[in-house]
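Shown below is the structure under consideration.
In order of appearance the chains are A, B, C, D, E and F, and numbering begins at 1 in each one.
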């Protein structure tokens, strides 16, 4: 019943969230999970005009489970091409075991 | 001081959160961590009546560290039996190294 | 383009978040990501005076990607020395593959 | 004229028999409509409705505008508290016995609505019985926002109503949800053949009462009866009521537009049901209200409240209860039907409709 | 009669000696109580209290109702800003020197309360000294919600008080927290034997002042003194005050019920302390207030404010400061004691109690 | 005297030629200033400003105080709805043609501001052209909070202005953003050599209109024109306006202090630009406003609104649009410049400045 899948994690400026989700779906992922997140990094651009005093979670964390490594790599490659140059974003991946008999 | 434990992740409709937590505790887990989450999947049921225009995080992500694989499997099995049929939910697992000398 | 890094996860009382972040940066991490989180554990201290009826996410989850295992261990050691005794906190670690050519 | 011959041709034509009576009514109808239409149109210009439509348009045009969830929750709480307080303060100096018959009618309507759905929507091709029952339960249950919308419009129209009539909310809400869930479980266990494990009714009632919507209302009623909240009421709840209501209307409108997409994915029978049933339920309850009016002097305004409560479909308390009670039913279907069509129809059509009718009756 | 012989039998019976004086007071007490009780009971019906109890009941019945965190934060900010503005506007045309003695009394009470806890609660079986000190610090510190609750009730009771008296808040809040943390660190480093590294006092004071509660209050005071906020004050802060207060009371009530479970897990001494000490602290401060009243003409209403500030226990600023300052103390114990029992006792018993006493004194 | 000789020496000295005229103006200036200064100073005491400064101080002192994001979002929505409603209700009984010239001026100013930035800030050492263009776009765009701040102050100063003048917002906001993004893309594709793929203008306009700020304003205007929102307006939007505005000012102040650190990290030219340009833009628009005043009788108050709209820099809608439209520009630079310096200068200097000037003109 269990299957080995890949979990791709993307942490980026909230402003990209809609575009990233579109990209992920277009690439053929069966789904995604998002969290509001905060953080700092090498560039740490606060790109919304919203008061950071109130709006502390200016990042979004997107997790995508993919059945194949290829799909994950495709998504990363596209994100890299489009956004790494100008936006605050990181991605990483690791294998997990999906316990539900669920198409990924 | 470090020990190898399992991290079980459950992403499900928010509406299940209380029930899932009860199930997890009953199964004997020493604790859990929850996050508000959003996302889409194969069914992606928005089950609360709350305005999705304001209430975007209709999912909950629950993480459970278990000392044994058995415990994680028990929890998953029970969740599957009770909720997979009718609710929007996924589960996956991977090994992590717990650095604190903490009973799991 | 990809590199093997360590992902250190800390779940603790929200009240520690500023101090933990200072500690993490001081230790030399290139960044961190935070999430509001809730949960229960072996001690499960609700340390803010804020109404738990409204303020349910009394924990914070901090993720740190480190290039070396040493750095992660340093951070954990310091956290352990300072906070394990009196505060509600857990830490765990696992290897992930950072896909971006990003200094960690 | 008495309401005696009004009532039938509005709410229960089936009662009509003799042909002379019929002719007379024909005639009467003409004058009735000519009185009614202008009043109906005037109602359509109410700001409440304007804000609802504004919200629909805004969302339909894909605006980024979003009213935060916490604001929505606070507004729902505020409005139901205020309605409860108004009722509670009024109940203090009124005879609680009066509420008996209207409450009974509310319970009745709540239950009947579920069975109507079961045997109309549930019989349509491609509609599962659990889906039909869940939808019926949601449309039988009550919407706090719709209830909040009708009261100020009754005030503006100077139509008197029993202040406690808002307290009829739970009397229709809970029976509808309970009936839907119980009937569904019986149906499902019958189907699956194996001996049905009895459905627990009390937990469902408990969950409904504990829902934030019903709690807010009852808390308001209790505080209105037991404490002297007038200073707070006059300085806070009363003056801000219309304002917060208008913002809730914007949210409801935006939500309706959003859920439309979801509704499109399910059988169109849900949409048709969602459009017709609020009006039907409204007339059913209004008819009962007029009968009670005849018997006990329950006000016509109170009958309007009863009608609108029936026409409304639950947006806060209902969905989670049904999701848990009838898991196999598809929430996109019943929530979509209720939020995308049911609530707009209740607010935009049923409220002006029944207020218009009441105005004519009171005028004649 | 003067307050001279009133003061003792209320706040400092220990001062009494001669037996005739005693008899006279016996007699006097009777009339005093017969005047006091009805006023006390009347106070108990205040809406503020009603909403608090409403919240307790709602949570105890396990309702789903929840007021979002952001609303709670905004309301706390709003109420303390309003109190600050009122004070600031008043200070403009008042002699700041007047505040000196009451402020001194506030500091004194704040410090004494901690030592009382240290040597009463701290001596009980199974209570660690750090736990006792943290609890004392929290009960010495001040609750914005309780402060917000007493002022409108003084207004309704037509008891005059110095508008700046709310500004006494930080004068009791900060010394209490500082004392608790300093004494605890000294105790712990003594215990652990090794030479105590000195505790930094300034950071604690800084943290208290920077807390959202104290900031909101001081910001209001500053704006009240330096700008002309009357238009905003009259159109916004003043009219909405009672309303937001009532909602905060509901939140506080729900929270009290919630924390009860937590409190049950710790030694019952905390519960007993939490019930008795607010009344004790109130009388202590009220007595000092009356003495200052005798000396400087500080109003009796002002003494009531001082008493309620003392009776209150911190709910916003205190806990995080103490958690950081005395990490080894168990927050479930001191927060539970304060939120589940201390605050309800302060609002439900101490406010009516001292207002009732003040009314009698002003009447006589 | 007519504004004829006023206008030049304020807004367009370049027009001056003959030396006698010049002497006369010299003289006139003296009296002008002596009239102007006291009025300017009086404006500086407005509560609005006080709350802004209060926010700056609070954040600078490192307070924990935070107004939740959802409250901020709601307040922005509320204020722009209110401004829109006021405008919409007024437009109902006013000639829409009147808005044509002022709107044209708004568009013009919005575009010109971007080019000014391109050829002043953009020429400074170490400033990239995209950074300069993004900054110009943000300063050409409009701040809802600044707009909300000027209107009540015009009311207090009893300076009449066209109620629809707030509706000029999008006419300056959108062209500024569009120009900045288009010019930047052209520049970048030129630089990168390869044939420029045309920039789509419509999506940018669409995104600006769909932004929560512009939507809220337009929704208010539409509801004001099409429905009869007076009851809601008078019971809710109007009375609460000043209060919510004052809280938004605190947020803006806190934010300004916060962003300062960010701004420090970038070239100081941004800070200099952020300080000078609002005043410059204000005079530019005020001059145009006065010219239209001469031509069509557009009110001087209306010219002040136009000037302040020009002086303001976008805080809600602009940043995300620019971030997406000119990704290579550094948001810390342009958002920092706008929030940390631009907005405070617009509120604290430009509003009193132009109201003061208007008062003198109306007095003479």
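Heads up, the rule we're going with is that a residue touches a chain if its C-beta (ideal position, glycine included) is under 8 Å from a C-beta of that chain, and two chains touch if they have at least 3 such contacts.
These figures come from a predicted structure and were not determined experimentally.
Undergrad: Which chains, if any, touch chain E and chain F both?
TA: D
Undergrad: Let me spell it out: compute each chain's centre from its C-alpha atoms, then which one is farthest from chain D's centre?
TA: Greatest centre separation from chain D goes to chain C.
Undergrad: Which of the two pairs, B-D or D-E, is linked by more C-beta contacts?
TA: If we tally the contacting C-beta pairs, D-E comes out ahead.
Undergrad: By mean C-alpha coordinates, which chain is most distant from chain E?
TA: Measuring from the centre of chain E, the most distant chain centre belongs to A.
Undergrad: Go ahead and note the Å separation of the Cα centroids belonging to chain A and chain B.
TA: 20
Undergrad: Indicate the whole-number Å distance between the mean C-alpha point of chain A and the mean C-alpha point of chain E.
TA: The mean C-alpha positions of chain A and chain E differ by 49 Å.
Undergrad: How many angstrom lie between the centres of chain C and chain E, each centre taken as the mean Cα position?
TA: 37
Undergrad: Could you list the positions in chain B whose residues touch two or more of the other chains?
TA: Residues 35-36, 94 of chain B each touch two or more of the other chains.
Undergrad: Mind pulling the residue numbers of chain D that touch at least two other chains?
TA: Where chain D meets two or more other chains at a single residue, that happens at 66-71, 239-240.
Undergrad: Tell me, which pairs of chains are in touch?
TA: Every pair of chains meeting the touch criterion: A-B, A-C, A-F, B-C, B-D, C-E, D-E, D-F, E-F.
Undergrad: Along chain B, where are the residues that touch chain C in the complex?
TA: 5, 7, 21, 25, 30-36, 65, 94-100, 102-103
Undergrad: Considering only the defined contacts, which chain C positions touch chain E in the complex?
TA: Residue positions touching the partner: 13, 15, 45-56, 85-87.
Undergrad: State the interface residues of chain E toward chain C in the complex, per the touch definition above.
TA: For chain E paired with chain C, touching residues are 59, 66-69, 71-72, 251-252, 254-255, 258-259, 262, 314-316, 318-320, 323-324, 327-328, 330-332, 335, 338-339.
Undergrad: Quick check: in the complex, which residue numbers of chain A touch chain C?
TA: 8-9, 11, 35-42, 44, 57, 59, 61, 73, 76, 80, 84, 89-94
Undergrad: Within their complex, state which residues of chain F touch chain E.
TA: 45-47, 49-51, 54, 57-58, 61-71, 152, 156, 239-240, 242-244, 246, 250
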